[in-house]
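I'd like to ask you about the structure that follows.
For clarity, chains are labelled A, B and C in written order, and residue numbers in each chain start from 1.
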Amino acid sequence: MQEIKRRYVIPGDKIIEGNYKPLMNVMKSGDYLISTRIGIAEAGKDGVKVIPLSGVYIPRVNDLVIGKVIDRSSLSWDIDINSCFFAHLPAQDVFGRDFSPARDDMGRQLNIGDLIIARIVSFDRTRDPMLTVQDKDLGKIPYGEFIKISPTRVPRLIGKRGSMIQTIEQATQTRVIIGQNGIVVVTGRDIEGLSLAVKAIKMVEEESHTTNLTQRVKSLLNVHDPSELEQSENALSSTAEVSNDALSSTAEVSNDALSSTAEVSNDAVSSSSSSSSSPTPPVTSNSSSQINLDTQEQSYSTAESQPQQQQQQQNFASVDSSNIKDDVEQSENDDASSNLADAYQKEKKQEANNEVV
Amino acid sequence: MSSSKRSTIIVEQLRKQQMLEALLRGKRLDGRNFDSYRDLEIEIGIIDKASGSARVKLGNTEVIAGIKVETGEPFEGLENKGALIMSAEVLPTASSHVEPGPPDEEAIELSRVVDRGVRESKMLDLDKLSLIPGKIVYTIFVDCSIINSDGNLLDATSFAVVAALLTCKLPIFVVQDDKVVNTGDFMPPPITTIPISVTAVKIGDSVLLDPTMEEEACMDARLTITTQSDGDFVALQKGYAGPFAISQILQSAEIARNKGEEIRSRMKGLNKTG
Amino acid sequence: MNELTLIDEHGKRSDGRGIDDLRPIKITVGVIKNADGSAFIEFGKNKIIVAVYGPREVHPKHMALPDRCVLRCRYHMSPFSTDTRKNPAPSRREVEISKVIRESLEPSLILSDYPRAVIDVFVEVLQADGGSRCAGIIAASVALADAGINMRDLVSACAAGRLGDNIVLDINDLEDKEGDADMPVAYLPNIEQITLLQLDGKLSTSQFNECLNKAIQGCKLVYEIQKEALMKKYFGNELELKEEVV
């Protein structure tokens, strides 16, 4: 078990002294590693990072995002993805390589104001993000309740391996689609279930950094399920997550981290268990940098019955010290790999074997 | 020159659909009835260097009005009256769609409509604010800064102006030997009536009061009706490119008068709490 | 007016403060709903609200820089903010202060993280009473942190000045008008570097040194208040800690 120091920081705060590797939202200043954001700093043998609590969504390749069509040119649609850049969806992506503006009417596919769920295929320092809707379960979102949350809270909303969002979906009989960029769409038949789901989502956003959040969400939803293996709340996560800002030179995110994200997320997309027949796609999320989450969540299945998934505790610590004991016990059972990206991939292979489709 | 432009705010199709479905059930997206106003908070005297000031929060729309009193020349043709000069600025803090710079046609319309309500109702008895007729009069500056915009800037700004004027303290100037001197004392403003503006928007066939920014982005037309204390109308302004049916206008006028009275009683209570 | 009215024989200033006393400061974070980050500051009688929008798309596109973010800053005074009513159009003073505020904030931001984008900082003075540019910088830095922009440090600011033979901390409006020197300073408190330095008035070499040191001490005091305001908004009452070892 690894020793990890953890505390609240604001920009400029010294986190730790020594020759540690800056992982995310951290920079070297003299002998110290300092935070560049407001958030929760974690310092361990493998490096130092800060899980941010605020900030605009910075696009990353392979993220799933929900965007709004705001304009179009003759060859592509402009999409607002709630970020500092507009994204583009080429008409060829929708119509095929032989797209011809003269023959194919773009307006028949997508109009201004339409919402789509798409994947970012490219983005770098020199150009705007490009999107695709070609994969399974991507495309236009025809209806639903629309919510915007801070992108930094998305991992918390998804929960450990989708646990939080599954809890909400099951209790309210809804389907929730979450984009890494903080846009959420909820669909369901029952109006009350819908509004309860919305309430729960807003509660998670506001209280994401607190402990015992799952308990409070469950009592809001009137869920009491002692058979769930889920542990009590952790506000923090010690994951080797990719920097929120893939371009950040300060985070010095290694290329390994970036490519492992890409690998994992590709798995996530392909193992997406869309066992439902509903038109709206389930969420597949790549975790961006943020609070409380064990790495890139794979997609979780929809409101259908879930296989009991073995909840492997990773190295979480909690601000509330009464939870630490639980975590410690749990994680002693694990293969407490300190490289969480590896640990996650191991799990995924395991789960892929257990997966019920 | 004014030209039509594409709306800067594009509301998601999903939201529009939700909105229209809710309207069919008689509700708005935030759960309000068609003729309900959002929570209205009024705080007075927040700028102590000003003669009067008020901060209004109407839902998330936030406006601050401040009053500065000086002496100066009267307007041409109005030699015996105090001069009232009003302006409103939508600060670039108010939303991501506001560009810093000189006021655009919407900001100017906002200023002028609010001004009209106060001026035409003769809320301030300007006859009482002359010092040396034809030469020196009170100059009352009422300036508004819109800090956060979530729709219905017209009403929020108008409420801020009215609240500030009702609760301001004017320095008492007197004329001594052909010079105007500040006695150092203060007097309440000469108020004759309390104008209240009520704004309605039309979405489909529904007429809604106190629109949010999202409702404004979906509206076909807008109507602002200002009434004074005795129920008379003192200002009207229709905005945006869609039409109103005559019956809708008459109906809105009636609602505006009643709603105006509700809000007016809150304004009357201000001096007691302030 | 001679300096005795500004500071009496007991070292008491016109507003009752001692030579080294800061005016009361109150900072509230996250006050403008639409903004990405915001802060409201009351610094003595100054009341200033700051909104940060960004990083976001640049319009017009040609203003964008290929390798880093553009920082835009507007310092603007509401017409009712000053003793005599101010015309809403930007004055030369506002243009200069907009520039120095931008230049005081820029070194703290890691702009290379957001190429081709822009960060807008809008400093709106609702009531001014001496030291409004410092108050604006204090609130702007907090608003930038609130917006989640990568920063090397917060920027803190404070002015010091001379009243007769006394070097005093934090100049108010009266002291600004009637005193002998006013030196606003902005400072990166952890990196320990100065990002704004201006002087209006006359100082000997030793007075200059004393004034600069005093202003920096003031910046350090202000920093604690900025930090507390941010911690309070984000971490609530759990300001302690959070040094945990697992």
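Please note the rule applied: a residue touches a chain if its C-beta (ideal position, glycine included) is under 8 Å from a C-beta of that chain, and two chains touch if they have at least 3 such contacts.
Predicted model, so just to flag it, every value in this text is computed and none were measured.
Asks: Could you tell me which chains are in contact with subunit A and with subunit C alike?
Replies: Where subunit A and subunit C share a partner, that partner set is B.
Asks: If you count the C-beta pairs in contact for each pair of chains, which pair comes out on top?
Replies: Highest contact count among chain pairs: A-C.
Asks: Quick check for the class: compute each chain's Cα centroid; which one is farthest from the centroid of subunit B?
Replies: A
Asks: Roughly how far is subunit A from subunit C, centre to centre by C-alpha average, rounded to an integer in Å?
Replies: Roughly 36 Å, centre to centre.
Asks: When the centre of a chain is set as the mean of its C-alpha atoms, what distance in Å lies between subunit B and subunit C?
Replies: A distance of 32 Å separates the two centres.
Asks: Rounded to a whole Å, what is the gap between the Cα centroids of subunit A and subunit B?
Replies: About 44 Å, centre to centre.
Asks: Quick check: what residues of subunit C touch more than one other chain, meaning two or more?
Replies: 56
Asks: Can you list the subunit C residues touching subunit B in their complex?
Replies: For subunit C paired with subunit B, touching residues are 32-35, 38, 45, 47, 49-51, 53, 56, 59, 74, 76, 78-85, 88-89, 120, 122, 124, 126-127, 129.
Asks: Once bound in the complex, which stretches of subunit A touch subunit B?
Replies: 68, 70, 80, 111-115, 141, 143-146, 185
Asks: Under the stated contact criterion, what part of subunit B meets subunit A in this complex?
Replies: Where subunit B meets subunit A, its residues are 10-18.
Asks: Spell out the residues on subunit C that touch subunit A in their complex, using ranges where they run on.
Replies: 36-37, 54-57, 66-67, 108, 110, 112-117, 145-154, 188-191, 227, 230-231, 234-235, 238, 241-246
Asks: Considering only the defined contacts, which subunit B positions touch subunit C in the complex?
Replies: 46-50, 53, 60, 62, 64-68, 70, 87, 89, 91-96, 99-100, 102, 141, 143, 145, 147-150
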